[in-house]
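Shared chain: chain A. Partners: chain B in the first complex, chain C in the second.
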Partner chain A sequence: MATTLPRKGSLFRRQHIFAGTTVTPVMIYMMLFTLLPMLWGVLITFFRYSPTRAGGPFLGLGGGNPFVGIENYLDLFSNSPNGVLFRLSLKNTLIFSLVYVPLNLVVTLPLAVFIESVTQRAKSFFRTIYFLPTVTSAVAVSLVWGVIYNPTFGLLNLGLRALGLTGYAWLTDPQTTVLGIPLPMICVLITYLWSDMGYNLVIFMAGLQGIPDVYREAALVDGANAWQRFWYITLPLLRSTLTFVMVMTMLSAWQVFVLFFVLTNRGGPSNLTRVLVLHIYETAFRYQEMGLAATVAMVLFLIIMITTLLQLRLLRKDWEY
Partner chain B sequence: MSESSKLSRRTFLRMAGLTAAGALAAACAPTTTPTEATGGQAPSGEKVTLRLWSHQNPSFVGANEQLIAKYKDQNPNVEIKYENFPYADFITNIQTSMAAKTEADVMEMFGSWVQSYAKGGTLAVVDESVTTLAKAQELFYAAPLDGYVWEGKLYGLPNEYNLEVGGVLANKRMFDEAGLTYPPTWASWDELVADAKKMTKVENNVMTVAGFDYVTGDGLGFLFWEGILEKGAEYFADDGVHLNLLTPQAKETVQWMYDMANKDKVVDPLTFNGDVNWVGTSFFQGLVAIGYIGPWIVPEGRRNYPDFKDPWDHVESPHFGSERKFAADSGWGKVVSPNTKNIKEAWKFSAFMTMDPANHRQWNVATGTVPALKSVAEDPTLLNDINWLGPSLKVLPYGRYVGMLQDRDYIWYTVVATHITECLQNQRSVDETMQLMHDEANALIDSKIKA
Partner chain C sequence: MAILDRTSTLLKEAPAQQRRSRARLSAGQVIIYIILIVGILYTLLPFLWMLGTSFKSSTEIVRMPPTLIPEKFTLSSYRTIFTDPSVPLARFYLNSIIVTFSIVAMVLFTSSLAGFVFAKYTFFGKNLWFTLILATMMIPFQVIMIPLYLVLVKLGITDSLLGLIVPGATSAFGIFLMRQFIESIPSELIDAARIDGASEFGIYWQVILPQMGAALATLGIFQFMGTWNDYLWPLIVITTTEKRTLPIMLTWYNSQHGSRFDLTMAASVLVILPIVVIYFFFQRWIVRGIALTGFK
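And now, the complex of A and B:
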């Protein structure tokens, strides 16, 4: 049966038309809602911009929202109120993310290995149990854990008192520290770990399932014990999963907002849990200084980008299985 | 009020994008020329449409809807489109739409924000055909009205007098159990503290009942300003712009707060403060005997804690000096956009909601708020409708607007409330606290003036 093929030029043209009609709307959407806002975000970092002030005729810039050059950036390193709070927020964010990432990995990876070793039915049960908090609203998580941490009638202190111990003001004690980390920050770390660990757990389980059994079986034949099989076989072969998990967890840790907003009531006590994303929110919407807030957002963007590139570089591998 | 949701990686980026997009779209939107106060009146009988924006407090929405219906009955040519938003979205909407000059014709705004917006040129001056500043000063109390005044011009009209001073919550059961007179009649703060000590309970080193809880984000600021004023000093510096928080009276006030927490031990500032066991909830959980909070908490408490069985009231509180003097926030009221095409109608509608005594009262009764209009507050029949306002109504003439703090929230919460709480928690001495508050507040003011 003879088939009539379209002429090459016609097919080519139709492919172009198809590509054009499907991609163009997406591109326009991206331009309008991603690229232009990003450019606007960069632009206002050079203005003392606040929507409460009537600006000039061009995009509301100028006039009450004057051009200040790089002054907003310099302000972050000055002793101005914004500068002081920015540096405090940066310090808290660093503490949180640098503690959280290894903490998460130390808990979720062994747990994933353990769950992978049990029966299929038990595996499904554990996976569901651990994943449930991940799909729970962060506000609900904050409110529930807020009750647990309540110093007067919270479960934690009631338990401690039942054991004859004195409780703590878990979320409001600014003076108690653990390894130099304020107690309220420790509480947020624990709460966030509880609510977020299911995500990495599932990723690790998928990674573990992707490792061919042949490697572990070969090691077993060679007399390797469980720890040696994990350390010399499983862990190296999980490197790409580990890279993904580390990058995503670090990104996530830099951007935690709700727990610091609800659980510790906007970064309390004494700003000990004020983090960068909260600082951006407060500067923009509470103190109504969009230019300064955009500047902090830009610095956060740069920090996240550099951190991610570093992680990708350090964990790069040049083999596959 | 509070708002939150977990910011996922994508949501964070989307939010940042949308915020900027909103501002961009706003900036790109066609601009309308602000209508002069002398013009902009629709010809008589012509259909006029006004938009009103408010936040989403159910009682406020109900009160506004009732008055809108009434206004439309009386003005059939006027259509009012009423939109209300969750609190956080409301502020964002106002800000982004002002940049685009697409905000509503009439907006409900908290009086303590008005000067910042007026200073930025984003609000219309009250039309003189509606009222003048001098006339408004005769009609309204100074504290709520002065929040709407900037550089001698009136930029809005208040619906309410926002008040935290003059009354405290008191738990009758605890007074009875301690053998104290109820309702209390304290002649001084010392007498209140003496009663509070008798009702404070500590079990296993944990405070289970705070005798007097005043450690809140709002309360500490109000007590601080009141202490300074009633002791005969002033918290504004001589230039009227910066603050002077180093006066002996300011220090005495903070020392008094410190002593109540650390010597009299009527409150544990670690376990009762703005972040945990906040007085507005802990009182209704039976954890506080006397709570420092305004009368607005009464309808909230009745609505949110119907199962709380202890009898309680909002009773009169003492003051520091021989004469009561206090600083108050302004209160919610109505402002008008300078970009409205119907500025006279917008002001007429705003005046209808705020200056007409019957409507003003109707709004206060529906929302459970304190009247800003003198004639309404002085009407003894008001207590038939809002029976808990007795202690508050007595103090209204003695209040003044807290003044232009440049950034009210920053000074009030980030500087004053935060650092006094830290002092009460023994993180810093009273002297160090005074110096720190003074320096930080004035640094903020300098940065705002520079901007």
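And now, the complex of A and C:
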């Protein structure tokens, strides 16, 4: 055991060396698989790039993969097959996310309030069950719901037939719409709600637990009924949680892939459920047009960035309890 | 982000809630229970349908009208999957286990180490690096999957388990979470260890890590679920049958036996079983982790 401390300079040097030798490799590694692809992704949006064609020496760009300027971006607005499909995918993604977010909130917030109001033991039982679908593989979810929606042997039509109704070809009917939304899209919404609502439920429950009881008790003393206590006390105090949940749900809705790939069989019927992520995947890995696909990915990135920045702004709160 | 700042304090035990217990149920509470139980049916019915179908015989599945609960329980669909020579089920399980455990181990190590350094050291470029971490947290995987695939092509590790593991070894979210947690560990502990002659890595290994059970468990379970269930990345990277992971095996199996619901459902049960078992063991961590971070 040393009786004197090491000199100050050497101690700090040792710490500095440790910090440098541990953080630098981790950071470089991480950047290699996030920032570098991001930059590469921006770069290839200016090329008609496909790995199947022979290109120049630098990243396969040039040669068979010529520089096209902003042509890929202009293509999104043109009447080319890619442009038309892109706009259709964008529209479907918008429909999906704009319907899904309110649908999710309307279901999960009341459920969270209800679960919070029951006894402790019942509460953990309900939470455990409601959260179960969220840990389930999205592929398995798609396959099970695919069987449920099956027109001949499915659970849903089985129930409808028992009620004397005829039932639907849920996932393949291109004609039927509900409030202007195609039936297959409705099916994806219901399935996604099933697989996803556990998250928001848990976040809302945590938010509700974070509200001190005194406010609701004061309202109770003042004679407010349950609905008034919820509307005037709980809901305003839950604002930051609500904003956070809205934005996170929106972001995750933009990124749903498996349901549209497996449940509705690659965006079917007739591209009614083709969304942006699916369009990116198909363009890049099925048709190998990676320049075009990367351009669509940039649009998706832009939308997600705007949503995220909006969240940061909305979440600034000027009160505390 | 604002919610994330609460992470470190909330990772500790939540205060026990005081609940008034009532002997009698009011009319309002009865309605609440009815709604909650209807919700439970919506949640559980698909699982029961999956289980039920997997135990039906192939003739019972196509019988009209369909049955909800199998009239005769049979294991024939499971037997078919296990004995089908074109489906190396054990191989798929092994692939999923290799990929998931490698990624979880590496993410836990790199995140806790980098999180420790970011929380307790000052060094050149610290703020720049940390801003970069926050920035990468905002880049969704779908946006960079194309160039990421091109990186793998350059590295020559497409169509291999390595291609699934290598890009997942670090996690921006993990570093962020660990830093938040380690900041709440008093620096005096570290100084004391230093005076006792511990090396810097020794401090990380012997002082910091043992205190991080809760944070490591939370991050580890999230990473486990994410990797085990991941579909898109293996779909892009893997082309050879023997290198598929379980979720890929499922869709492939479905397209092979599109009309055999019994086989598809039995395969689904086999894929989700491990994660459901883990969920029931660790659900406290999962639920708390989500409540704290809001991340999936």
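The rule is short, and it goes like this: the second predicted complex is superposed on the first by the 299 of 321 C-alpha atoms of A that agree within 3 Å, B and C clash if a C-alpha of one lies under 4 Å from a C-alpha of the other, contacts with A are read in each partner's own complex, and residues count from 1 in each chain.
Everything below uses one rule, namely that a residue touches a chain if its C-beta (ideal position, glycine included) is under 8 Å from a C-beta of that chain, and two chains touch if they have at least 3 such contacts.
Owing to the predicted nature of the structure, the values given are computational and were not obtained by experimental measurement.
Trainee: Quick check on the superposed pair: does A:L36 touch chain B, chain C, both, or neither? Answer first, second, both or neither.
Mentor: Both chain B and chain C are touched by A:L36.
Trainee: Which partner chains sit in contact with A:P57 here, chain B, chain C, both or neither? Use first/second/both/neither.
Mentor: A:P57 contacts chain B only, not chain C.
Trainee: Answer with first, second, both or neither: which of chain B and chain C does A:I148 touch in the superposed model?
Mentor: second
Trainee: When the two structures are laid over each other on chain A, which of chain B and chain C touches more residues of chain A?
Mentor: C
Trainee: Quick check on the superposed pair: does A:N271 touch chain B, chain C, both, or neither? Answer first, second, both or neither.
Mentor: After superposition on chain A, A:N271 lies in contact with chain B alone.
Trainee: What is the contact status of A:L132 with respect to chain B (first) and chain C (second): first, second, both, or neither?
Mentor: Second partner only, chain C.
Trainee: Just chain B (first), just chain C (second), both, or neither: which does A:V214 touch?
Mentor: neither
Trainee: Output check: A:Y287 vs chain B and chain C. Expected answer is one of first, second, both, neither. What do you get?
Mentor: first
Trainee: Once the shared chain is lined up, is A:F257 touching chain B (first), chain C (second), both, or neither of them?
Mentor: After superposition on chain A, A:F257 lies in contact with both partners, chain B and chain C.
Trainee: Between chain B (first) and chain C (second), which does A:L312 come into contact with in this model arrangement: first, second, both, or neither?
Mentor: second
Trainee: Going by the contact definition given at the top, which residues of chain A touch chain B in one complex and chain C in the other?
Mentor: 32-34, 36-38, 40-41, 44, 51, 59, 137-139, 146, 150, 152-153, 161, 248, 251-252, 255, 257-258, 261-262, 277, 284-285, 290, 294, 297
Trainee: Would you tell me which residues of chain B are touching chain A in their complex?
Mentor: 2, 4-9, 12, 16-21, 23-24, 26-28, 31, 88, 91-92, 94-96, 98-99, 116-117, 119-122, 204-208, 270-271, 273-277, 282, 285, 287, 407, 409-410, 414, 418, 421-422, 425-427, 440, 443-444, 447, 451
Trainee: Please give the residue numbers of chain A that touch chain C in the complex, ascending.
Mentor: The touching residues are 1-2, 5, 11, 14-16, 18-20, 22-23, 26-27, 29-38, 40-41, 44, 51, 59, 110-111, 114-115, 117-120, 126-141, 143-148, 150, 152-155, 158, 161, 194, 199, 202-203, 205-206, 209, 213, 226, 240-241, 244-245, 248, 251-252, 254-255, 257-258, 261-262, 277, 280-281, 284-285, 290, 293-294, 297-298, 300-301, 304-305, 308, 312, 315-317.
Trainee: Using the touch definition up top, name the residues of chain A that touch chain B in the complex.
Mentor: Listed in rising order, the residues are 32-34, 36-38, 40-41, 44, 48, 50-55, 57, 59-61, 64, 79-82, 85, 137-139, 142, 146, 149-153, 157, 161, 166-167, 169, 171-175, 248, 251-252, 255-258, 261-262, 264-265, 268-271, 277, 284-290, 294, 297.
Trainee: Which of the residues in chain C end up touching chain A in this complex?
Mentor: 1-3, 14, 17-19, 21, 28-29, 32-33, 35-36, 39-40, 42-47, 49-50, 53, 61-62, 64-66, 68, 110, 113-114, 117-118, 121-124, 129, 132-133, 135-136, 138-151, 153, 166-167, 169-170, 172, 175, 194-195, 197, 200-201, 225, 228-229, 231-232, 236, 246-247, 250-251, 254, 261, 264-265, 268, 271-272, 275-276, 278-280, 283, 286-287, 290-292, 294-296
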